[in-house]
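I've put the structures underneath this note.
After this come two complexes, each holding subunit A, first together with subunit B and then together with subunit C.
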Partner chain A sequence: MKIIKFLLIVVFFSITLQNYLFGKENKLTVEKISKNLRCLICQGQSVYDSQSDFANSVKIIIKKKIEQGKSENEIYEFFTNKYGEWIVYDPKLNIQTVILWIFPLILFIFGGLLIIRKVFIN
Partner chain B sequence: MLFSNVGHYSLIFGLIISVILILHSIKRLNDNNIILGKKIFYLLFSQFFTVVLSLIFLIYSFVISDFSNQTVYNNSHSTKPLFYKISGTWGNHEGSLLLWMFVLTLFIFIFFIKSKNQPKNYRLLTITFQQIIIIGFFLFLLLTSNPFNYLYPVPKEGLGLNPILQDPALAIHPPFLYLGYVGSSIIFSSSLAALIQNNVNKEWAVHIKKWILSTWIFLTLGIMLGSIWAYYELGWGGFWFWDPVENVSLMPWICLTALLHTIVVLEKKSILKTWILILSISTFTLSMSGTFLVRSGILNSVHTFANDPGRGVFILVFLLALVLLAIVIFFLYQDKNIKVEKKIFWMSKETVILINNWFMMYFLSVILVGTLYPLFLEVLTNNKISVGPPFYHKLILPFLVPFMFLMAIGPNLKWTKHNFNKINYQQILLLIVALIISFLIANLNGVNLLFVTVVIAFGFYLFFVTLKDFFEKKYNISQKLAHFAFSFFILSVLFNGIFSTEFSANMKIGDKIHFDEGIIKFKKIETYNNKNYKSLVGSFEIQDKKNNLINLNPEIRIYNQPSILTSEADIKTSFFYDKFLVFNILKDDNFFNVRYQIKPFMLWIWISILLLATSGLVSFIKKIK
Partner chain C sequence: MKKNITYILIFFLSFFIIFILYKSLNKENVYIPEKVLNEKISNFSSKDLFTENIINSEDFILKNKYSLINIWASWCLPCRAEHEILMEISKDDSIFLIGINYKERSVNAKSFLHKVGDPFDIIFTDKDGTLSINLGAFGVPETYIVNSDQEIIKRYIGTLSKKQFQEIKKIINK
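Moving on, here comes the complex of A and B:
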């Protein structure tokens, strides 16, 4: 019984692993990219959510870029060069955003140490 | 006019009662009579009554459309339906603050009645601290946001309420959120009082847990109502956008959830006192700073409707003063309370709850830094950055895996010391089944994100474990229900995110378009004239792959006061998915932008949050019995 179970798991894992390694790339869509861009003239809406002229023209540009075979990152880069960092919802890790990305993780490590102290050392 | 005057003076009277209450409470601290008599009861009741009176007069002014009142003039219109005239009372800044005052004075009155078994000085101090907060809000209301300002000459017509606020969910969303926020102020005052009185112990834990629970239930429901509203009213089919205003309501919730877990440790083991005090103070601070951020207009958000920088400064100063007060008291009295606490054994329920808090604080820090960092960066360097969904997903999703694993096994550990006798094969089996199911789902649907698959697997694991535990009666039912609801929630949200599909096109009347999920037909548009808006109702027919026909009738509303266009989505909810259709006017007159979405498991998201709130309610009912 246990052996069968084990075999089953191995089979499933190998199938999935194979898919992950050799599976098709996720298709790039206007929907996916426009969700990660801010509509600059709106109150806190993404390009995807907005129906403003600005958002609609950005969607058309994204569509063209995809047809030109640009990668996801190239498209984000195009928009940041044009409009600045404000337009992308996923801030790049650089000297200005290092605290943003690292602070929670440092806090997490610090919290872990506190718990270890509380539990193992007195 | 008469009503406005009475409402105004009534508030001033309430403020005076606050001062009397503080003086009286301080006087009574030193006497030996341990019974708190009728005097405080009457004072608290009259204070509550003054605010109720004001609120009733304001509501009445709205109902009769008394435009000599500035608040009514700014936010109402005579053609508005009665229901929204009433809900419009708290749909604006001044009125919502009056509602806030109502809840504040109501809660301290209830606190007084329900705390009869608590030590006298603890009750007096709680009332004192609470009155300090109430005075702050009275001053805020009277000095910066008076809802009873008088206008002369009296305008003939009001400016109207923002139409997207004219909605049933939004009529009850602020009251629920406020019940939650104000509840946290009681927890704040009470923990400071308990700290001063050296009273942070098991009895206090039992007593304050009821407040923590009720506050938690209101916050949970309040956030859910806001989210439901965003889902159908903002017109993009999303229910959570990690928008700053949404974040500030989630932060106190997370902090309170951590407190809800830790207070049980105090109740059972009488440890972690300092930490509990920090959590109580933080929850309140987060609630208040949330109000500050929203009201000051600093945040760029979909939910920003009314703001004024001057008000922001007042709240900020007031908040800083309260936090400073809390910190001073904390350091003055902390040492008295905290004797060296016993060591915690590593394999015990205490440890797991500590780990829960550890994760909660991590999630909180992610949201806090994500919300505030862009503000600081802009002030310091003039650089604007946006922090949105991708940031939160990257930092939160990975941590959900161990978090949910511990949520599954943690509650089954024993207090003090858990003896680890033998490996629990049942648990391992459930984990394997969960892994297989999620890998199958991912594979069959071509999901290529290994990581999401792992999160789904642990969601299922938690789901199965809690489900199994339901049948073993020895466990705490509310706790099981809460963890079950959480797994249900995470799974629904993930599936909703992964499997939502959408189709969008520009169509004119009579168009018929084939798309991946079927055929969409734009049949006609009908125009109706309503009391305060004109509506265009589109008639669409959608045929899915199985040839089922459904008709959806989204609407565009053109409001007259103020003149604003809104799109009302038409949503067909079924057990497994929502069909969501919305359309918008384009510049080119003949064409409309049509967006059709199939959103799986939407209903389950709301059900799971309701279950979560129910679990709190079950626990609350058990406590008061």
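Moving on, here comes the complex of A and C:
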């Protein structure tokens, strides 16, 4: 009888521990993905930061997708298919986003040249 | 000479900034991904608001020449504002009205429809908002016009206006 009790306790604790660890891992992935997604109806907030209806539903979908075994990239792809590149904070480099990527670089080079010129003239 | 170049540069820079600001001011504030239009709407299923049976969107969209999908909730004031327009559209038999009740208790939704009238032919429930996100929606209210090939012809984010009502009428009476 004692052995059965002991075994039951062991089984119970191992299941609880497994659920806890798995849940924790999932929670971290949900947090990571939701931090990389833009809340489209908010002003400058990520899905993770926002408590809007939109953001909360997105978080539920991320959780469901992870439970279905989808990878991080598959989840980002799902949201970009639905909402376009704007939803991800790290848009891919293509014709539509080329200015976004190159403009800061041009500004940086231009600023650098100005500083160099100023220093040399002085 | 140097001074002139500086003035010209300042002028062009100011012109560029003013042009961008002016353009942005006139730009529609709501972000609508262009790729959604003419794309096929993904099939969705959920509980019927009244019978609580699981229903499938395909079963209704494929059978009708045009379907109007409206995401709504009684707690959402803009949805109440467009209710009258939906009632008007429902008088036309050539369009099938599908409602998606967004994040609401069924009792409240039913009582609202009982008071002001039910324009919908069928209502799906979306308790956690995931059904709407799967459609690519932003929130409530939102309206899609879909043809029998399940293609999205038109999409309206926010309250339907009288102008949009006329537009919908034009589409369905083509």
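Definition applied: the second predicted complex is superposed on the first by the 69 of 122 C-alpha atoms of A that agree within 3 Å, B and C clash if a C-alpha of one lies under 4 Å from a C-alpha of the other, contacts with A are read in each partner's own complex, and residues count from 1 in each chain.
One rule holds in what follows: a contact is a pair of C-beta atoms (placed from the backbone, for glycine too) under 8 Å apart; a residue touches a chain by one contact, two chains touch by 3 or more.
The model shown is predicted, which means the values in this text are computed figures rather than measured ones.
Ranking subunit B and subunit C by residues of subunit A touched puts B first. Contacts of A:C39 after superposition: neither subunit B nor subunit C is touched. Within the superposed three-chain model, A:K82 lies in touch with subunit C and out of touch with subunit B [touch as defined at top].
Of the two partner chains placed by the overlay, only subunit B lies in contact with A:F108; subunit C stays clear of it. In the superposition on chain A, contact of A:I99 is made with subunit B only, not with subunit C. Within the superposed three-chain model, A:V47 lies out of touch with both subunit B and subunit C [touch as defined at top]. In the superposition on chain A, A:I62 makes contact with neither subunit B nor subunit C.
Subunit A residues in contact with subunit B (one complex) as well as with subunit C (other complex) are 53, 84, 86. Subunit A makes touch with subunit B in their complex at residues 5, 8-9, 12-13, 15-16, 19-20, 23-26, 31, 35-36, 38, 42-46, 48-51, 53, 84-91, 96-97, 99-101, 103-105, 107-108, 111-112, 115, 118-120, 122. Residues of subunit C that touch subunit A in their complex: 31, 33-35, 102-103, 128-130, 132-136, 138-139. For subunit A in complex with subunit C, the residues that touch the partner chain are 40-41, 52-54, 56-58, 60-61, 64, 82-84, 86.
Remark: subunit B residues 234, 236, 238, 241, 243-245, 299-304, 343-346, 351, 354-355, 358, 361-362, 365-366, 369-370, 373, 377, 381, 383-391, 394-395, 399, 432, 435-436, 439-440, 442-443, 446, 448-450, 453, 502, 584, 587, 593 touch subunit A in the complex.
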